[in-house]
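Letters A, B, C and D mark the chains in the order given here, with residues in each chain numbered from 1 onward.
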Amino acid sequence: MLRLNRVWKTYRVGAFGTRELTAVRDVSLDVAPGEVVSLIGESGSGKTTIGRMVLRLNSVSQGRIEFDGTDVSTLRGRALKSYYRKVQGIFQDPYSSFNPIFKADRVFDMVRRQFFAGTPNATWHGKIEAALADVRLDPAQVLNKYPHQLSGGQLQRMLIARALLLDIKLLIADEIISMLDASTRIDVMNLLADLTSRGVGVLFVTHDLALGNYLSTTTVILRRGVIVEMGATDKVFANPQHPYSTHLLGSVPHLHKKWSQVEAELARHDARLGPCGYHAHMPGRCGMPPHDPDQPMLAEIEPGHVVGCSYDQPLG
Amino acid sequence: MGRYFGRKSIVYALTCIVAVTINWLVPRFMPGDPVLQMLISRGPDTNPEQTAVIMDYYNRLFGFDVPLWQQYLNYWGALFKGDLGVSVWLFPTPVADVVLRALPYTLGLLLPAILLSWFLGNKVGAMAARRKWLDNSVLPVGYVLTATPYMWLAILLAWSLGIVAGIFPTAGGYGFDLQPAVSWEFASSLAMHWFLPFLSLFLVAFGGWAIGMRNLVIYELESDYANYLAALGAPPRLIRRYAFRNAILPQVTGLALQLGVLVGGSILTEVVFAYPGLGNLVFQALLHRDFFLLQGVVLFIVIGVLVANFVIDVVYVLVDPRTRAGMQGVSA
Amino acid sequence: MTDTRPLKPITADARRAEIFRLALGNPKVIAGLVILATLLALGLAAPLLSGHGPSDYVGPRAEPPSADFWFGTTLFGQDVFVQFANGIRSTYVVGLLAGGIGALVGMTVGFVAGYRGGVVDEILSMITNVVLVLPAFAVLIILAAYVGIDSVVHQSVFIGAFSWPWVARAVRAQTFSLRSREFVDLARLTGVRPLTIIRTEIGPNMGSYLLLVFIVLFGGSILTAASLDFLGLGPPGQMSLGLMMNQALQSSALVLGIWWWFLPPGIGIVLIVGALYVTNIGLDDVFNPKLRKM
Amino acid sequence: MSLQVDGLRVRYRTLRGDVHALDGVTFEVADGEIMGLVGESGCGKTTLAKSLIRLDGRMQYVDGVVELDGVKLPIDDQHAMNRFRFTQISFVPQYAMSALNPIRKIGKMIAELLESRGFDYKSIQPELERRLDLVGLPRDVLRRYPIELSGGMKQRTVVVVSTLLDPSLLVADEATSALDVSNQKAVAETLVEFRDRRFVRSVIVVTHDISLGYQIADTIMVMYAGKQAEKAPAEVIVNSPRHPYTQALMSSLPEVGVRYEDRRLAGIPGSPPPLLNPPSGCRFRDRCPLAFDQCAEEPPFVEIATGHSVACWKAA
């Protein structure tokens, strides 16, 4: 459904764009219907930029983003609008996602004005109630209220409901629970997971490995704009190949295991791995990024599990 | 840092070109022959010989007979030679000479007024930020001062301290009966004539700086670094010093932005006190419809302000480490 | 992560009502508005107050204030009060018009530069910076002297044309930060056009700020106009407070002690501009609760 | 014993009345102990942290006693507190990114701070440099401006500065929440190491992340709606929590290894009560699955085992 094919994003900085800053470097990945792909990375990894490029909020510098076979960057006018009917996004800060001076349900009105101008009132209200029911919100509690009267969790659910009003096929969720309280974030997570049973694909952007692990079918680990490892979530988490992946896994605070214990386990795992998983499959062709444009960035080490080269990439 | 100066230099170069171009262009908007019109407007031609000389001079200078682009280039060429034309009112003195003669008076007025008002205004504003009683008096006085037109405060001072109280003279740069000389008498006359125009310029500007600094310091005192220092038990003295240092930076930028206004203020003040500086020249040029003098003075003022602006930008780089560290824009 | 959440739930209707209530309960706002309204009423009533114009020679020369001539007469026997009232009126006209033009240009440039970014921003910012460092008053003198000013409207256009850069800068910065807010992204994802986003999403969030900007421009324009008038560069035949000072000074009113001639115009300007500033601080207190507790 | 807090109450003054942000807390932090202070936003943990070091303008001390090493702290007297700050009790703020004066070189700022407190920078400098080495910062950060440091570096610098005078107690308020996982781990471990080396004798780590608290704290105190819910050694809190809130909080937290498809977690329904007019009785009552009649009465915070205190009728 969604396919990123060797996508780059470079920003021009400095007076008259004299310097270039690469935020995303040669990223390729797919999101299938009903699948949750989590993009995991620390700040500066390019994970948010990828989500924004898919949403057409940022332009693509090089490469293609295709949705159902169409190059997304060519969409204009009506075509773009029908793209947004199918692809929507939710962002990190729920309070900043709502215009603070208007009532929160204005996000629904905007959808109506842009996409359902002809829909009669009664039908529309029915639609809203159905969407709110899907995200387990009581209309009486959230309609006709201002954003600051609602909790972060309620606001994020309203945005999921907003996406449901359109018949979305793909949802970009960018750190959508990182600002929610522990007691409510898991419910929003579960709602996202429920979307997949409707056949919606989710691109789940997060810095939190535990959340990515909980939700996703496919995990993509990004570092400085480059995919270092990608594969089925259970494989990536059970058998991390790239030193950066193990480094991240070793930094996650667990509830029932101390860091020292996790580190020891990972050290044993690392000892079994060679110095560079990519090198083992592509001998003599190491180096980052590949100098040969035809050379793949990632090497497949087991079915559905690929890893990038780990040379020339000191950690920290 | 190179980036910072590169960008600033482009702005100044462009501004300079725009200013000169406006100066060159504007007279050409006037219908008919501006030189002739100006000469006619001076009234009955008492000296046809002089008129002929002037006509000849300007026709040669502007070369109304050559193509426009040539005229434009000629104008720049003359400018680079420091040739601002010839005053009609003070014929045949070159405008550049007239300007240079008046310049010391204006600088003598402006520089102390700007620097002192900036310095004291910032001091008093910072003090007001932490003393309630001072704040309650500085704030209203400051706002009244910034709301006061320069020329009216000048009139008020001239009338009250000059004419009613009779302490200070109210017109001229020095006594009418004196000739410029290196003597006590002349120096004291100079100082007496200088004081009131200086005071009125100083006061209006002072109000603005004091208010600005007060607000900035209050803002800085609530910043995270101030809170952190307070949490570590740093004495208020240190926190206030840091707040002051941080707040002074926008005030430096503010000084650059206010220069044009201050120069405008000095024009008005000089008019009130008939002070023999550039401002009075502007006024005399207007009165005598000597547009060449007017243009020359204004062009001189504009370029002077640009140069001063550039100097302030250099100073800013010296006082703000962030511009020097060259880290701006990396996070963008 | 802070403990401020319990303070949040104030309804926005209540907030708006509260702002209105605070504004009307704020002594600075009230004082400012009362002064402004009184002087405006005086200016509007100017033509009704007496049967003669501001330049008509109607009385004895240089007479101090009296029951017949409340503010006295000029050296030439003109009624200072009538001049003052007319001057007040043109002061308001210039302030509103020039302030309005400056605000309009500044906001347009600021909104477009801040929202579009990129090359558009680069060019607009360059233009803004050029006009910003140009000493506006000096350029205005040249323009006024050569091109001439034939009406208050004309004068306002000139003043407005040079007063906008700082507004553009400030609005650009604010737009820039608002543009990166997620509700703007969400509007884009709903397919709303850029101009509509500026108008319906970004603009309303800056409403109070734009009002404050306009007030400052209003005051600044008045001072500039008075300065031009004072140099004799105002619209001919139009009485203004600046022109009153010009005439008083030219007629040696200081030496002759005709204080009733040159005091009122200055007081008028200080009152109007000062009242604008006071209203501005008051509104700032209302809009910006952080300063409220000071 | 290091810190002893007895019945501390602090409120926020607002236009609409007093918010009882901290409504009577009593606890001890022993010499050498790291206590994790855990709770959701609005539970009073930040208020508690601030009360110990510096009340901000809106906060008002109501009553209670705070003693550090047997000396009563004048926490409601800003001036008298200055004597204890930095030397006896110190603070690592959440806002480390902006905690350093942007226009002062870091070394100079430290020198001025120390000298303003009557210490000699020259004699402390060698120790300062040793500690920078210890946390992996190059010594030349002292000659740099804050803008030249990354977020993680700034956070570590602030930790070093705050502990420079070997305070008895360090309060770290969400010191790691703005950091990426790897930086988070580094800073958290620095706190432990500083305690081990006796640079600080005891530490209060305020965090919304109970798993992070578990990694570094000896004891954990869970707060809810301005009151203490439970306090126990970290292992006990994590493995056998007694307060229903603590239990619910942890069961809603996804860990690496927990997958949505295997085990669906659930959040805590409802939201914390407003503290403007807090309800009587147990404040968790409305959201508690175990609530019964007695909960209308406020449960006391009682010790049910050595070092394990709970405020719940069902737990006693």
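Following the convention adopted for this analysis, a residue touches a chain if its C-beta (ideal position, glycine included) is under 8 Å from a C-beta of that chain, and two chains touch if they have at least 3 such contacts.
Keep in mind that what you see is a predicted model, and the values were worked out from it rather than measured.
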Smallest count of steps, each to a touching chain, taking subunit A to subunit C: 1
Chain pair that, of all pairs, has the most C-beta pairs in contact: B-C
Remotest chain, subunit A as reference, centres from CA atoms: B
Centre-most chain, if every chain is reduced to its averaged C-alpha atoms: C
Between subunit B and subunit A, distance of the C-alpha-averaged centres to the nearest whole Å: 56
Where subunit B and subunit C are represented by their mean Cα positions, the distance between them in whole Å: 22
Computed distance of Cα centres, subunit D from subunit C, in Å: 50
Where subunit C touches two or more other chains, by residue: 9-10
Subunit C-facing residues of subunit B, complex: 10-12, 14-15, 18-19, 22-23, 26-27, 29-30, 143-144, 146-153, 155-156, 158-159, 162-163, 170, 218, 222, 256-257, 259-261, 263-264, 267-268, 271-272, 282-283, 286-287, 291, 294-295, 298, 301-302, 305-306, 309
Subunit A partner contacts - residues on subunit D that touch it in the complex: 40-41, 151, 180-182, 184-185, 188-189, 208-212, 214-215, 238-239, 248-250, 252-260, 264-268, 271
Complex contact set, residues of subunit C against subunit B: 126, 129-130, 132-139, 141-143, 145-147, 166, 219, 223, 226-227, 230-233, 242, 245, 248-249, 254-255, 257, 259, 262-263, 265-266, 269-270, 273-274, 276-278, 281, 290-291, 294
Residues of subunit D touching subunit B in the complex: 53-54, 56, 81-87, 90-91, 93, 95, 98-105, 112-113, 116-117, 145, 147-148, 158, 161-162
Contact set on subunit A toward subunit D in their complex: 42-43, 151, 181-187, 189-190, 193, 207-211, 213-215, 233-234, 237, 247-256, 258-259, 316
